[in-house]
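Below, chain A partners chain B and then partners chain C, in two separate complexes.
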Partner chain A sequence: MTGLLTRRNVVIVALLLFLVLLPVYSAVFDKPFLITLFSRIIILAMAAASLNLIMGYGGMVSFGHAVYIGIGGYAVGILAQESFPSGFLQWPVAIAVSALFALVIGVLCLRTRGVYFIMITLAFAQLLYYVAVGLDRYGGDDGLTIYQRSEFVSPLDLSNKTQFYYICLVLLFAIIGLTWRLINSRFGMVIQGSHSNDLRMRAIGFPTFRYKLTCFVIAGAICGLAGALLANHTEFVSPAMMHWTRSGDLIVMVVLGGMGSLFGPLVGAVALLVLEEALSGITEYWQIILGPLLLLVVLFARGGIIGLLSRGRA
Partner chain B sequence: MLLFLEQCLNGLQFGLLLFLLAAGLTLIFGIMDLVNLAHGSFYMIGAYFAATFTLLTGDFVLSAALAFAATLLVGMAVEVIAIRRLYGRNHLDHVLGTFGLILFFNELVRLIWGPAGMNVPLPAWLNTHFQVLPGVDYPTYRIAIIVVTLLVALLMYVLVMRTRIGMLIRAGASNREMVSALGVNINLLYTLLFGLGAALAGLAGLMQAPILTVQIGMGENILILAFVVIIIGGIGSIRGAFISAILVGLIDTVGRGFLPDVLALLLDPRSASAISPAMSSMLIYLLMALVLVVRPEGLFPASSR
Partner chain C sequence: MSEPLLQVSHLVKRFEGIVASDDIALVVEAGELHAVIGPNGAGKTSLILQLSGQLTPDSGRVTFAGVDITTMPMHRRAALGLARSFQIASLFLDLSVLDNVMLAVQAHSGHSFRFWRNARLETELCQPALALLERVGLADRAEQRASDLSHGEHRLVELAMALAGRPRMLLLDEPMAGLGPEESARMIAMLRDLKHQVTILLVEHDMEAVFALANHVTVLVYGRVIATGAPEVIRTNVQVREAYLGEQEAGHV
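Up next, the complex of A and B:
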């Protein structure tokens, strides 16, 4: 029994503890920007976790996943603009609309596989990007400022940064828990089975298309929630939220952390965004370092950070 | 009617430019099984090289030739340093690795050329109009683009289908090990092929340079259009890329030209002018969705793969 005390588990528990205690640290040492930074990281980790569900477990490499961040964000932004500030309305709408779009995009895209799937999801994301650019009434290219965060019943106040941080954190944990339940269920087994051999799964009698489509829609819905949170976080939505490079960032987070592992997306999101923050502190041209670094990760660190931690265990 | 003809010519010219990008992408994918997102970066680099050489020499045609050669060299260097290590990996690795290259090239260009865009002046003899039909004037430079791209397409066909190098490339596509066992330096061949693909993208970029502003990120939007082209045409098929590039070019350009008028007939003018730019950007994606529903493998799926 190597037990629970593996290097990987220690790192993950340490990270989770760090995330739970961060607001205390930031209050004691008076560094409020940390809460803002980590709220963002946690929200993007949710989006990455939803991408991991389809990409890591289901083998569906979606290069347009940021589009659901945009849809969720715009749902909140548009409802706020039309003076429906209630979060009880905004958030379910964000989730439902994202799920609906994921259904339509999924039905079309899942007819294809491999590199076609990558490019087609990218092209659909681009299509919706142009829709957002064309939303003249809601700012078009310039985006839309949200003057009021989503309203909930009285003790919950999203304008309070610490509260908002903990809401995000709890939702992230819930999503990771949901992913865990999903992938260990019969449904998850079918998804993973169709990832390794779709033909065989169909031969056994599973209608894998329906399973994959359901998985795709769940991922879209979760990502839509992340979008609703991000809109509340930045108090601003714009087409840039669903630019294709954002989708690329999400893929980077998943792969960097460790694809097909439960905590990989969270680790990847923390690693990427902290790295961005650190590098941009060193030089204005930080992407010149980040780009080759990504290439190195692809070439030498298969399985990402989680993979590195699990490997070489004596 | 004259306007329509002019728009069609514009569409043809844009489509042929798209073909230059799509041909490189689909060739590299069809033969090396590599998804190259950084293809748009070569488009950008070609345009920047052309801008710089024009500033230095003052001769656009000479600069274009120099920029073409320089992009070829950059492409080959990138293949040797980075891309070579990605062969045989899965497509996700390609996407990520070349996404990293995009970030790198965008930042490198910002570092070298600065964040401001550049403009490339046309020489006087190209900056004229040409009478296509009696009463129809069309810019000489755009005619030149159409002629050059058609020539390049023809040359490529001859190179791949009618020469010894082309034969080796096709042989390498079907069985890499066997070709290399027969004593052919397949690595060099792949480097050359990748360089050629990059140079074609560079050519598209440098020819667009006098028409558009040369700026960072210019390669990315057109890259996605090139993806759409090869999805519609069928990945790996040059013939499919050619036909669908022209189709996409025509639909995009003519749509942009006439959709506002069509919408104005159906809607009130204010909302028509508000939604038509977004609608025309969406047209080709709708076309792609349609093709996908009818033929998921594209219009002309490559037979070899």
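Up next, the complex of A and C:
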């Protein structure tokens, strides 16, 4: 594991290069669906990265993380519906409302641990899911079509697919960079310490609850931003955005890619969604293939794909 | 004589019929190494837990440096200068040895709502942590994962962490337990060195260590203090010999 030229780093750099150059490829070979697919992958990678912050580094396994995608998405959808198309309003609102919900949910959930934490986060997500189903004014179960993407000042134009793709990519890089700073800061050390041994953290003088809560809120806010992007991407929001299976997908991405590694969620999101895309082209029953594959990773590749790549050398 | 650093009076703790602490009185003067000994089940660990705040007494009073800490939460006691090392080493096993000690240093250097600077590059955290590892003789293991260290080395990391807050008093819960003879000797040397710098309350099974180190010994049997005094006095105390040192240790005494 000496030097920068490890197998893991080579794969990560290759993946990042691929993502940066993808629009060129898609333009040259006239495959516009690739941009659409990968915009979606990048957005979900952001959500997975935010989950990784609390789950991978903080040990807080939230089974309701997609709820912030929904909140962020609905913030954009509802504001667009009410004729507030400005992204300068929509996006901060999406982030702030998600953070606020994360604060309330966190205060109540972080008093529990283990399975109880998982179940309570799931319960809150379900609660908000049904609230969204009940929002008749905004489409209820059927969802809400967004007729106009978030407006920014020109030359920024989110309707331009290539531009939108790069905006997502830059934001993803920013989030990964932010995570990197966070986890290595004093704050991050406290989060990792309390993941490792919470009792001991309190014994040496850290009031861990407030740090974990802050982390939970930051993750919620980031995921809310991903929701705002996803709403712009699909030009549609519906309760399905925050369905518990979506929360499960996010967990799978993080575990598949590698919990507690910086690029794990991105790798996991790409792997899961590309596999899903490829397998569903082969057979209608693609989940029969995907399921066992995931099982193999969980059983034999602790640390996910990233872990597998770093281990290969030793 | 000035006020004692730690004073325990009329401490009582019951667990469903068992009296773990039965009207315990204990005085630890600043600067001394005070050992608490007693047979298994004498309530030594319960006493430590109540002093560190992990267990709340049913009645009685604990004062530290003149402050009533009887019901104070753990992290505030730590802030007052009362540090505890765990009987079973309780480290951050998946972090590096240096990270472990750095976290202990960080706990005593203000709040940790600092989100941007790389904590591992802050000399303010790194240097004291490395100095502490140097002091317990583990400087060369700093970058290893804590889980890769031996049992005895875990104890030393514990000690370094307990010292990180420059405590006024250390609560040491059986620091020799489970150590081999060599590691034990290393620990005794370390404590002999330390006792000139910090007041220590030592709960220990190892008689050799206790009589080698302590200025003052308190004997606990069934939750009750049966004797307290200088090691020589305790050694010859008939009650103690009967109750504790008895047959099993008679040869050594």
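As a working rule, the second predicted complex is superposed on the first by the 312 of 314 C-alpha atoms of A that agree within 3 Å, B and C clash if a C-alpha of one lies under 4 Å from a C-alpha of the other, contacts with A are read in each partner's own complex, and residues count from 1 in each chain.
Everything below uses one rule, namely that a contact is a pair of C-beta atoms (placed from the backbone, for glycine too) under 8 Å apart; a residue touches a chain by one contact, two chains touch by 3 or more.
Every value quoted in this text rests on a predicted model; they were computed, and no experiment measured them.
**Student:** Applying the document's definition of touch, where does A:153 land relative to chain B and chain C: first, second, both, or neither?
**Tutor:** Neither partner.
**Student:** Taking the superposition as given, does A:282 touch the first partner, chain B, the second, chain C, both, or neither?
**Tutor:** neither
**Student:** With the two structures laid over each other on chain A, which partner does A:190 touch: chain B (first), chain C (second), both, or neither?
**Tutor:** A:190 contacts chain C only, not chain B.
**Student:** Who does A:5 touch here: chain B (first), chain C (second), both, or neither?
**Tutor:** Once the two structures are laid over each other on A, A:5 reaches no partner at all.
**Student:** State whether chain B or chain C is in contact with more residues of chain A in the superposed arrangement.
**Tutor:** B
**Student:** Pick out the shared contact residues on chain A: the ones touching chain B in one complex and chain C in the other.
**Tutor:** In chain A, nothing is touched by chain B and also by chain C.
**Student:** Quick one: in the complex, what on chain B touches chain A?
**Tutor:** Those in contact with chain A are residues 29, 35, 82, 85-86, 89, 91-93, 95-97, 99-108, 110-111, 220, 224, 227-228, 230-231, 235, 274-275, 277-279, 281-282, 285-286, 288-289, 292-293, 296-297.
**Student:** In the complex, go through chain C and note every residue touching chain A.
**Tutor:** 52, 54, 74-75, 78-79, 84, 86, 90-95, 99, 102-104, 106-108, 112-120, 122, 125, 161, 164-165
**Student:** Which residues of chain A touch chain B in their complex?
**Tutor:** Touching chain B from chain A are residues 55, 61, 63, 108-109, 111-112, 114-116, 118-120, 122-124, 126-127, 130-131, 133-136, 244-245, 248, 251-252, 255, 259, 285-288, 290-295, 297-299.
**Student:** Under the stated contact criterion, what part of chain A meets chain C in this complex?
**Tutor:** Residues of chain A touching chain C: 181-182, 184-190, 192-193, 196-197, 199-207, 211, 214.
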